[in-house]
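Below is one structure, written out as structure tokens, with a few remarks after it.
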Amino acid sequence: MIEELRRTVCRLHTELVRYGLVVWTAGNVSGRVPGEDLFVIKPSGVSYDDLTPESIVVCDLDGHLVEGDLAPSSDTAAHAYVYRHMPEVNGVVHTHSTYASAWAARGEAIPCVLTAMADEFGGEIPVGPFALIGNDDIGKGIVETLTGHRSRAVLMQNHGVFTIGESPKAAVKAAVMCEDVARTVHISRQLGEPLPIASGDVDSLYDRYQNVYGQRSHL
Amino acid sequence: MIEELRRTVCRLHTELVRYGLVVWTAGNVSGRVPGEDLFVIKPSGVSYDDLTPESIVVCDLDGHLVEGDLAPSSDTAAHAYVYRHMPEVNGVVHTHSTYASAWAARGEAIPCVLTAMADEFGGEIPVGPFALIGNDDIGKGIVETLTGHRSRAVLMQNHGVFTIGESPKAAVKAAVMCEDVARTVHISRQLGEPLPIASGDVDSLYDRYQNVYGQRSHL
Amino acid sequence: MIEELRRTVCRLHTELVRYGLVVWTAGNVSGRVPGEDLFVIKPSGVSYDDLTPESIVVCDLDGHLVEGDLAPSSDTAAHAYVYRHMPEVNGVVHTHSTYASAWAARGEAIPCVLTAMADEFGGEIPVGPFALIGNDDIGKGIVETLTGHRSRAVLMQNHGVFTIGESPKAAVKAAVMCEDVARTVHISRQLGEPLPIASGDVDSLYDRYQNVYGQRSHL
Amino acid sequence: MIEELRRTVCRLHTELVRYGLVVWTAGNVSGRVPGEDLFVIKPSGVSYDDLTPESIVVCDLDGHLVEGDLAPSSDTAAHAYVYRHMPEVNGVVHTHSTYASAWAARGEAIPCVLTAMADEFGGEIPVGPFALIGNDDIGKGIVETLTGHRSRAVLMQNHGVFTIGESPKAAVKAAVMCEDVARTVHISRQLGEPLPIASGDVDSLYDRYQNVYGQRSHL
């Protein structure tokens, strides 16, 4: 089970590279081990070229290393805090992707002006507090911002993005879509104000996408 | 015949990826089956990496699945509406490509200030209405906007782009060119107003390109 | 000799793709046949994937097809005009690269605010007139703008870029560098006015780069 | 020892290409030969495709060629000056990367508004003077700007970026991170003023990252 999850999480890191969400060794993906108080995560400061399933480390929900030869990601405490406080979350992703981080540096939420954004995020993408690394402040900021919010992405002020999902793959999808809508809305606003989408329409789009899109209803 | 078309439409999806018009599973290409009331289209929510000719599904012109193991694209109703009402159209493409969607989010047509745009689109690229998914509203918006218009691309407000063509390849070309001119005109306008092209010159460029460009006149 | 030049010109087209200067079938490279009143050029409307040395066609200096199975580029008349009037030119490149075309759409020259621009272009990159395809107007505009000018690139208004060189490779280099400086100067100006470089310093940089850079002085 | 360093420095050049920091033959990486008054550097005007460990040349600390068949980079004097005056530096990188050069063209330092920037650079990325190539002015500008500064990157006015490091790899990392933060801060500022990070927080982030990140504390 853990071996399979390590392979999955290792492979999902290549999506961060493919979509240009990360440079050098920044960014990380984690996944909860089903039925155990454990999760797997990228080791700290390791190049994406060098990631292998074996290099992915296993941590307990306090963020302590349980298995693996390398030190875990320096963002491990934030991932652990999310897994402790959001039992429905099985995957967490962190990036400094360019456009999302540009909104985060201004501390500004991304307004919902695209149907794809209503589909995936059900409204605006919110901003979380400025928080230093080294204790639970980042984790708390993520959990407090996303609890009771439809969005599975949060822009941590002056920092970058954290996304959550029912699986590591869903969290990676949210990270990819977050950067995509951050970029499109940014570019749209450069030449004027994008048109708002009525909140009732945002609700309809979100409900439909969550229930009808993909192979869910067909299979 | 259908097998050949499935191969063609499957392969054309790789052009959307190559030109950066799509992320994750968003976007789709369809093609009308010559001489039949059928078209083929991307299945819903399937990764571009996993597309095979066999995974491309066949639908009738009401958008109902006729052949294939997967649910058709969630945009199938819009494609079907176009095929029902525009008999000269044999290919339809939908994307959320960044710059075109940025114009769409402001509900603003792209002005014709580039000779390449006059060549391909014969003038501005128009905006279609805001429309929710789930009935014929998107299809109607596409057909009403493009009927009697030279442009083979329409910016659906707050949504993205639909393009049409005499073949699936021509519709893909229109999608590629639409994003290219959306980007160039956006960037040009960031530092001032682009110079207009006289409408008589737009007409000359369009006529020439449609009749002389490529290997048409030579073969 | 012609076979070798066809191979070279075919291969140089891949640089336009690599640096993102072209989409679909737009853009073209040509090269003068040494010692003959001939040049080779891309065929019209052919995909970059499908270009082979055999598909590159041979034209005389009036732009008429002399050898090859395909119709020559629709820009052949402009290339021919340059070869007829600028005997020192042995390579010509045409693209609609994004940032250069954005300056061209405003009819605005790119000011020399980067040392790399002084090195390669010896000052600003000038604008040529608006001209329709179909006669010698584009060719005339290129030759009149670049004659007596250090720049080997011209921004044709509302159209795109033409570059010239002592070889096809030099013209391709100028096209790559033109887009690079067009992009950097554009981005610089988005947040304020770039600092000018004194004209004496531009002269020094240009002289040195033309005479000292590369393996010239060493070999 | 020198052979190993040539292989390392040759390979590091591919990172400049991968991250889009260079076009054509521009840009270069050098590395100090441990325990000797020598360094290795890219040859002048050679394509990144054609770089091999054998083509990397060896120079003394006055920038004179000691070993190799090709002329050294035209920026060799600047690298040599840095190695003569900063004994702790073992790697130097120079690029004209787009966003960093855009700040440099305005002569404007990049403000520290991202935690990743505090981590890597410990504050703003400073601007060095305008300087012509051909003597020690560029080298002097680099050394005077970076001495006593936490940043390992300097924006040389109207020119581009130089970065330094305890190893060639560290200098390449600084070049990659410099462009990444130059881009994100630029984009953030396009739509408003990014929020400052308190200087005490910048200090904490810098201290922690320099001492805790990666596998350092673990191994």
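We call the chains A, B, C and D, going by the order they appear; numbering starts again at 1 in every chain.
What we mean here is this: a residue touches a chain if its C-beta (ideal position, glycine included) is under 8 Å from a C-beta of that chain, and two chains touch if they have at least 3 such contacts.
Protein names from UniProt, one per chain: A, B, C, D = L-ribulose-5-phosphate 4-epimerase.
Just so we're clear, the structure is a prediction, and the values are computed from it rather than from any experiment.
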Graph separation of chain A and chain C (steps between touching chains): 2
Most distant chain from chain C, judged by the mean position of its C-alpha atoms: A
Magnitude of the superposing rotation for chain A and chain D (Cα, nearest 5°): 90
Interface numbering overlap (same over half, different under half) for chain C and chain D: different
Chain centre separation (chain B, chain C; CA means) in Å: 31
Residue list for chain C, restricted to those that touch at least two other chains: 190
Touch-based graph of the chains, sorted into line, ring, star, complete or other: ring
Residue numbers on chain D that touch chain C, as the complex places them: 23-26, 43-46, 70-71, 74, 96, 98-99, 101-103, 105-108, 130, 132-134, 157-160, 186, 189-190
Sites on chain D touched by chain A in the complex: 19, 113-116, 173, 176-177, 180, 183-185, 187-188, 190-195, 197, 201, 204-205, 208, 212-219
